[in-house]
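Structures follow.
You will see two complexes here that share chain A, one where it goes with chain B and one where it goes with chain C.
After this line comes the complex of A and B, so read on.
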């Protein structure tokens, strides 16, 4: 069952050609004070060309670590990464040396982070930081790189790009900095961009601008996006397909509309009921009792069982359940998904 | 209003009308729009009038730049209600709270708590007067002293405001912990032993220790995960019923504000642009900024989200130290008219209660307090405005 599902999960994309990114059975351990702790536990997913995959989860669910491991950005001495498959286009990410990995980051895969201020170097001009990428990966001359960088700044909607090229990050607002980060990520036309909570630190009106920009650019270049967020509103706005993470595991994966309308895991049902909706104040907010488990202290059985209102004895013992197909293209890690009926949103 | 442009405005005294006081709006406006559903009546618990908070920034060899972070805002807070204060970062909502509590010293205006003026009180008299109004901050990690036991942290307001002996104090702390849903034996633990949600419960316990009437919650649930956020919201609702607390709820998350507030005030660049009963503001926005702000919040339902009208504002909010003349929002407003660029709009009453400060209601389409939906186009609009780009 496990094998069949992980295969179907990695070929679950609607598009028929080979997915841009394929990850199968990814395990990540990090060194803590108490020894090695597994923070990502058997994660499998794939992203098709031009697709936006959402990774949803609360803090500590392992969504960022998953993506940092794919891009080889976890600190090597304190991290152990293994997987059955980790393929990005024609590159086998597991066999790449750090130097080869650095050649892949930029032209093939790039990242946008949550904090635009701490991701930009305050001591260099914004222009230098965009041009650096072009010079490193495409071997452009200073002049050619500058020209391209100004073009990129204009593309991401920074007014006065030629003047802005010479300015430092502190001279930019939060939204403008995030546009610069997007320009850097776009510089070498990557096949896939990982956006890790790119709008969480921004105001809603600026968030709307940045989401609109990402959508436009994706339409233009046909790139894939992995969008990490905890905000189900943002997910509903931008994603095509979603995987939900809890305590280091994927607990559910489905097409966007299906996931929201017919969730198959109690955690997703809980998240949907817990989201206050701006278009409806009357709906009562339902909390998920308790807290997410800490890394290294995951409960026995289903990791969600202490907070689950449907849990019975089977859920509380033994190994954690495996991902099963609840419907075509819809996986869940709930043992009781056939016995219970969950409510979604409309 | 010392803003140069406002001198040309027809009803300069209207800007002093406090939120919720229907009687003091200009007569002309009152004739024009039907005023349904009055605001809560009776004496206000907290009365803020024309609050002005400025920050000076002096650079060498340059003149002093004064930022009017909170520029003449007025509102009332009534017993038992929750007033939501929303707006984007930098609009002055936190500064408003800090000004009310005199954590920053307001330049002018009036803050009356139970009818007693707080501004101008010497610090010795301020302390006991301020006992009735307490604050909870955003980050539960930095607002608890890591080297103090829970008992000491929660007990500190008791030392300041109430003369209690050791045993009374321990009993009171145990009672407070039970009230916020934590076991009393947690009082001998340190903050690092608690999760984010639990820590926020502790800061709430500390805030209510001295029996305040008003709790100012400055982004109190923003740092929490969704599942824990609701537990804290539930606790706040429970406390307001149990001990009759009144909340000033400051947040940027409009969905949470809609859920918890009875009335809402929307701020933009240091001023309240619209306020009223929550449902009226969210369902029938009368100010273009409110409309844009609401449309920018993504709704967690793919079908609804795809079919919604979206207004994407161009540019960033202008720098609060260089506010545009006239209506402060005109640089990003889809409906801006000539008058908006020169004359500061004055508050006019809204249909369904509350007030809105926008020229659309008194000139041009003459909305007279009705919802903006009457004139919206119903399709996705991107507002391109050169002025906004230059400011950005």
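After this line comes the complex of A and C, so read on.
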């Protein structure tokens, strides 16, 4: 038997002594029509300096809510957040007031969102939206902020930055807008950037360019990245370590290669099998049967059991299983991980 | 931007021609013959015909229109059939009064609406919001003539703070002008305030759920900046539409309010002209009202261009 780990997949932090971000036992409840529902259930993870952590999961698995809760961006009246630890560098996020939290957003942690089309304010110039972060956090003058913003636009690969500075978001393509979002996120040189499906809304070629840009920037500045996505191809491209979320819980966590080669949770195996591949393009597309459970309607036992081909009676009753160590630096929430052999990619 | 303004002004010309012609012919369709009225009840057919000849009422409508419109372009709107005063003089007397009343009413309604809407949107669902919602329903429902009388009862007759009727031009004494204009402007502005509050509250709530507002917060901007800059500029588009409509409604409402408070504005002149079938005066007033409406529409369009860069011409 492996021993249960209450802590986290964080035991795998390799790069430095103290992780940049540490989250332990995060619970998030949101107010729905039927009352409070737990959408994030005991999530723990950490991100080391310069590391890229992938958070993988289907829509509604709680990955975005996890990150919005960390940054204090969930609507306060409809959200309850508690955790054992939520530490970002020297800041204890649980004890910060909303005002103090706002001071942290920008220079310490920043975000890139999924929809570049709707994430920029249509009524202000792109330049103004970049410069305003610098003015807010670094107290720059209008002129100095403008200069820095033009530099940032150039850095994220927007051609003709001085002219583009004065343009409005509608004058930009989707990929260019996402570059602007990256410039905003990068402006105050944060320690960690949360990228919430930043490439999902983009064309494949543009996707590759944006990923490339993020990688370059990370190399230059040594910042950490949390990359939220449901696209395993993107994960394989950019992440060092991955946690997999299902129905509000982390169900597996490991280094990228380990996770892809030897998954320890049937859900991850299913995701890998569902990934279309070049070498057997004639084969049928595989999918995981059924749908993820809705919030507030989680099944008894393992939350994945109704869709799991390995599930037996133990999986269908009682509390949901705890996260266990399947191997060093590899956690899983599967009760049967010792008994079953799962196939990964080769 | 200059090209846009020029284009918008030029494009009002055909509308202006159509509207003025419609106004001109509509007045002639009103039952009753001004020549008969002027000539008096005992006039003979010949006398009526003479009056008609003198006033040019026997010529084809299109000729009369041409005379009138070319005159109007030179500031000559004809003379009143009854007082024999030039129409433009009467309008020049009444227009500043009515305009200052309308502007004050608009100002008061914004002074009420802006803070109320912002507070009730931010404090959505709390008792403050509910009080504001009930208040704006009342503001829309209560008729202005009733409100006007209540204000006179409270502030003039009861507390004695402000005069009940009358008017002093601003050029004569700004202080007294303000004293006389506050009650009528408040009466006129309250309905608009209520409407603007509702509209703005709704659009603030709508805009605050947009993703770019989350982006603004994710930058660590202070809440005041998020609301005052990022939400407000987007949320004020529907407000501007409502304000544009209100300017014209204010001119109509002014007729009633001027009667209640005895303010010698365009409304009083209009009522007098209508009851006596003083056609040149009616035409002049309608023309001025149309112009005011068109100018306010132009301003609304230009404001749109400022608020929403997408509608600016490239």
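Rule of thumb we're sticking to: the second predicted complex is superposed on the first by the 332 of 346 C-alpha atoms of A that agree within 3 Å, B and C clash if a C-alpha of one lies under 4 Å from a C-alpha of the other, contacts with A are read in each partner's own complex, and residues count from 1 in each chain.
Keep in mind that, in the parts below, a contact is a pair of C-beta atoms (placed from the backbone, for glycine too) under 8 Å apart; a residue touches a chain by one contact, two chains touch by 3 or more.
Fair warning: this is a prediction, and the values are worked out from it, not measured in the lab.
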First (chain B), second (chain C), both or neither touched by A:82: neither
Touched partner set for A:285, first chain B, second chain C, both or neither: first
Per-residue contact with chain A, leading partner among chain C and chain B: B
Chain B versus chain C as contact partner of A:170, first or second or both or neither: second
Touching partner for A:272 - first (chain B), second (chain C), both, neither: first
First, second, both or neither for A:115, with chain B first and chain C second: second
Partner chain in contact with A:136 - chain B first, chain C second, else both or neither: second
First, second, both or neither for A:209, with chain B first and chain C second: first
Touching partner for A:309 - first (chain B), second (chain C), both, neither: neither
Overlapping contact positions on chain A, where the chain C interface meets the chain B interface: none
Residue ranges of chain B touching chain A (in the complex, touch as defined): 88-89, 195, 197-198, 225-231, 233-234, 252-256, 258-259, 278-279, 282, 292-305, 310, 312-314, 316-317, 382, 389-390, 392
Interfacial residue positions of chain C with respect to chain A in the complex: 210-223, 225, 229-230, 233-234, 307-310
Residues of chain A that touch chain C when the two form their complex: 71, 73, 98-99, 102-107, 110-111, 113, 115, 118-124, 132-133, 136-137, 168, 170, 181, 184
Chain A - residues contacting chain B, complex: 58-59, 159, 173-176, 203-209, 211-212, 230-237, 256-257, 260, 270-272, 274-279, 281, 285-289, 291-292, 307, 345-346
